[in-house]
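By letter and in written order, the chains are A, B, C and D; residue numbering begins at 1 in each of them.
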Amino acid sequence: MIKVGIVGGTGYTGVELLRLLAVHPDVQLTAITSRKEDGLPVADMFPSLRGRVALAFSAPEKADLSQCDVVFFATPHGVAMAQAPALLAAGVKVVDLAADFRLKDQASFEQWYKIPHTCPELLEQAVYGLAELNREAIQGASLIANPGCYPTTMQLGYYPLLKAGLIDAGALIADCKSGVSGAGRKAEIGTLFSESSDNFKAYSVAGHRHTPETAAQLQRFTEQKVDLVFTPHLVPMIRGMHSTLYARLTKEVSNEELQSLFEAQYKDAPFVDVMPFGSHPETRSTRGSNMLRMALHRPGNGNTVIVLVVQDNLVKGAAGQAVQCMNLMFGLEETTGLTQIALMP
Amino acid sequence: MIKVGIVGGTGYTGVELLRLLAVHPDVQLTAITSRKEDGLPVADMFPSLRGRVALAFSAPEKADLSQCDVVFFATPHGVAMAQAPALLAAGVKVVDLAADFRLKDQASFEQWYKIPHTCPELLEQAVYGLAELNREAIQGASLIANPGCYPTTMQLGYYPLLKAGLIDAGALIADCKSGVSGAGRKAEIGTLFSESSDNFKAYSVAGHRHTPETAAQLQRFTEQKVDLVFTPHLVPMIRGMHSTLYARLTKEVSNEELQSLFEAQYKDAPFVDVMPFGSHPETRSTRGSNMLRMALHRPGNGNTVIVLVVQDNLVKGAAGQAVQCMNLMFGLEETTGLTQIALMP
Amino acid sequence: MIKVGIVGGTGYTGVELLRLLAVHPDVQLTAITSRKEDGLPVADMFPSLRGRVALAFSAPEKADLSQCDVVFFATPHGVAMAQAPALLAAGVKVVDLAADFRLKDQASFEQWYKIPHTCPELLEQAVYGLAELNREAIQGASLIANPGCYPTTMQLGYYPLLKAGLIDAGALIADCKSGVSGAGRKAEIGTLFSESSDNFKAYSVAGHRHTPETAAQLQRFTEQKVDLVFTPHLVPMIRGMHSTLYARLTKEVSNEELQSLFEAQYKDAPFVDVMPFGSHPETRSTRGSNMLRMALHRPGNGNTVIVLVVQDNLVKGAAGQAVQCMNLMFGLEETTGLTQIALMP
Amino acid sequence: MIKVGIVGGTGYTGVELLRLLAVHPDVQLTAITSRKEDGLPVADMFPSLRGRVALAFSAPEKADLSQCDVVFFATPHGVAMAQAPALLAAGVKVVDLAADFRLKDQASFEQWYKIPHTCPELLEQAVYGLAELNREAIQGASLIANPGCYPTTMQLGYYPLLKAGLIDAGALIADCKSGVSGAGRKAEIGTLFSESSDNFKAYSVAGHRHTPETAAQLQRFTEQKVDLVFTPHLVPMIRGMHSTLYARLTKEVSNEELQSLFEAQYKDAPFVDVMPFGSHPETRSTRGSNMLRMALHRPGNGNTVIVLVVQDNLVKGAAGQAVQCMNLMFGLEETTGLTQIALMP
């Protein structure tokens, strides 16, 4: 059994990790920390876990995380970088669900996240946890930078087109929509039910932290210089993410060739579902599951190709992807503990 | 023109007062206070008011509320009692949308609201602003205690039955449901979209502040000793309140007589709609309007009578009712500025 | 492996059976019928099942259901009674998720469901599938009448009080609320998003089919003559049911005794969670799981006791309960394939 | 008083016309037709209108629409073209809220709407009812083609940029999102609450009827050859439309110049609100009102300009815009009867 610790278990990615790990056949939940909730049984905060998770939160200094085999950080940016060096030195693997190790470039990190990076020496060692494009590296990794939710959809959607050199890498437009849980479990007026229900809006249009992550990783994976306009929007639903990805074709290619390209790319990816050409994937078809679904469109058979991508932002976009990485790091079947079927309706 | 001031305009009852008063033909919005937002144009906080309300918030000490004809308090409990005496002394009428003057009994107030009452001498002078049962007193009032949202529905629903002596006043069960806006515009985790959407729960079942208000007022209005079990629930919708009121008949009475009793009671009430016997009123039929609708049921023609009551908790349950009181206090037609039709769908 | 057939797989209880049975370790999905969708792969209708369920719908006459070990009817009322006799004669067990066998009294059935009963001889043989109160009978059954969603909550909530003779069985008031999926997957205006979102209403207050089912079963289980006022309401959420059960205590009893009574009753029931006295269970704590949670209240320590009960109407209220029955009928552990943790948020 | 008839009053645009016209100071509601609901009081179908609209539906052959001054068609495509010629001949003005007269090109109409056009001779006479770009023509019109909801946002958002020749007219990408009421009040599974709540999806990506309308009208208004990729999506909210419009700048221009361009264009348009550069308009800021709000963005100060546009699809996107046209046609102030403030929250 893999002994698992979770730092910061009171947010949505934390409780989602608990939901998944509590039924994972190879995992023993060992510790979960929260300074504020020290001593509180986890199931008192999240009644969905009553009878299923017996752990209580413990203050960080009381939890001996060095006894774990792997520690997940479901924390705000900046926490993992403070604790990862000691854990790694103790032989504990680390999966950071925040952004501390997502950007290889320290200056870019500090510009976008407005905090100094305290262990830049780990940036090169950290492995970007997007299994579909980086599986081998993850298998040998000690430190995982779990991808952002939006970047997961954008990278998997654009990668085949960029890799094949079919589109103008300098003119990508990603119009993306997320459920409200993406904003986290924080007491804020903007995400109150009465503010975000029966409403739709864009946010951070001038610049969002997931733009540099996506552009940099796509360049690493495809060796193409990427220029990306990324526009996030807030949808009145709890979970779910829908990315509408636009690209301009620069070569002659048939729709069948496009479809084959995507199917070939993801034929061995258990969590990527390439739907028939012209499908309209719905976010609910992934609700609660680790599946990401996508479909191709080409309006008027013109030179614009559209990739529609959906996922559950808390599963494939966060906690599920992190468990997927853990499975690979520990030599388990990639799908272990991740076979939940989406809740529909 | 009536010069109107609003204390505490940043919450949901505040912005709802603004929506109603901005189109009221006899009102001139004169001042709106908020210590925290001093100087901020109201329309910057509430874009729905862009081009319609030119006022900016001002700190309380800068706003000369004594120049107003009437001041509405859309504030937490305890604010109105601090400022009302001076305003009344200056000849300004006061409408408190909070609970400071709802309970005539000081001890009961202090027990339920956990704060000392600082001007108990005004409790007797304060007039309970439920126009349908207290119209004359409101017309002559200087200080209005605007009723709570739940109590409005419970009083109007139970009153005809109690007044006629048809039911057991000692065995009332009110099962009530409210939209989330009733919790106010406060940064709290419990009313986040991701917490209260796609969910339903009861709250404060052990005891809610609206129980003593309702019981005491019903006793005043009907001279019957009332014992009330009141169970509030939270519905995943922004606005709307639905009260399902149960009572045990103690006299022989036909359904036609019951229906006639209610129709006669409210035939001159412009904001109470007694629907046909056996109807199922929907909250959305009142969304954004000052109408309250109700319908009678008698399952199996047994001795239980059910009154279903719906309203918009922010209009008839709060801001609209306050404007209705203002109209009466200033000798205007009761419906002035309150003729909005519900938004449906 | 248990060979399972499903009749009527295009509704919400049908797809929910598929979600549960597709991951059940002892089940082999063998046939699923739909006259209208003959030949259509199930996953084309429900993309959540892509890659997980390979079956296609087949017309009833093509599907050889007699080869199954058990057949679930997720159909409108009246279908199971037409097909059950032949299946039972062929040695196939039958679980009806509709109402055909819920009422032992043929006249009552025909009065409430407005259709003649075509195999009344099976009514006595049919076993009511409420495992928590009827486990032994279910283990030996060939024909299961799966309980209605509302009746499940009402029976489990009232049973301990009635059985112990603590309450007035002639004055039960059940104020119940259901998510919209309870209305089924039918093209109707009343359950359109634009009609039932941001809205709350009661329905069928004059009389609902779940009243006679609940009253009759409670009488069978407790031997008390039950009189029940049951008021259903529609909540703008997909899944979830919340019953607020009122009863009048007729004996002296402490809150601790009440709590102990319930805990003792359900200590061996893996899907009933008796929460601490005074808790407010939320429907979302059961979303997607087979758990039913309940909590006791006693406002003002008076003579009214309130039981709050929540469940997912499609799982414990329908498909999950049916699988629970199947597990018992085939000698499996009661929880097999039903260990999903609720999705929260 | 203007005598108004409505053909097809049972859908969402119909009831929205009633909500607006019932409080319009210069209108007398004269007739409302529905074959199916002949004789039913309008308020029985829409309880929000109880006490406010006394009319009953009447069968088309009973309603003498020729006595009206103006008739609104809130019908499926194809109805207005059948009745408009006779009404126009009788001197009655006609406003069609469907698409019968939106496309000047008969062949294009028949290709996209799959029905023959029965009065092509009226296509040239029909005036496109987008007041902000076509005010004078509307003032003199007898027959109005009320714009589609999406086209309203796309035209008002792109027009200033195209007119000024600042962008590549051959590379417009409009990513648009609509509330569910846009799908109408029809009994269909796809728009059930349980299907479209807590979900997000694109639809008709291969081609939507609003593409040719928008492209053709923009060409008429700007004399530029427009090529448009338009992608509609469905948002789980009742009302509201958000268009995210992308364009590539082809000339040097500062953000201040862009902002001034838009402000100048719409300074006399009472229902267009150009918000400060970089704002994020929310759909709810227009809920129930005839306002359309927009804001400009330029990510990274690059060559992509984004226009965010929001409106209530049933008001400015349908019924409100139709009333705005009526006001102009009858020489009234453009804003008469359309001063409702958005409902927020």
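Rule of thumb we're sticking to: a residue touches a chain if its C-beta (ideal position, glycine included) is under 8 Å from a C-beta of that chain, and two chains touch if they have at least 3 such contacts.
Keep in mind it's a predicted model, so treat the numbers as computed, not measured.
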| item | value |
| --- | --- |
| Intersection of the contact lists for chain C and chain D | A, B |
| Result of counting contacting C-beta pairs for B-C and A-B, higher pair | B-C |
| Identity of the chain that, by mean CA position, is farthest from chain D | C |
| Gap in Å, rounded to a whole number, between the CA centres of chain C and chain A | 36 |
| Geometric centre distance via CA averages, chain C-chain B, whole Å | 39 |
| Rounded Å distance between chain A and chain B, as computed from the means of their C-alpha atoms | 45 |
| Chain A residues counted as touching two or more neighbouring chains | 12, 179, 181, 185, 194-195, 197-198, 236-239, 281-282, 284, 287, 345 |
| Interface residues, chain A side, partner chain C - complex | 12, 15, 19, 22-23, 46-52, 181, 185, 197-198, 238-239, 273, 275, 281-282, 284-289, 291, 293, 314, 339-345 |
| Residues of chain B that touch chain A when the two form their complex | 12, 179-181, 183, 185-189, 191-198, 236-238 |
| Interfacial residue positions of chain B with respect to chain C in the complex | 171, 173, 175, 177, 179, 194-195, 197-203, 205-207, 227, 229-231, 233, 235-240, 242, 244, 246, 248, 278, 280-284, 287, 297, 299-300, 302, 304, 306, 308, 310, 345 |
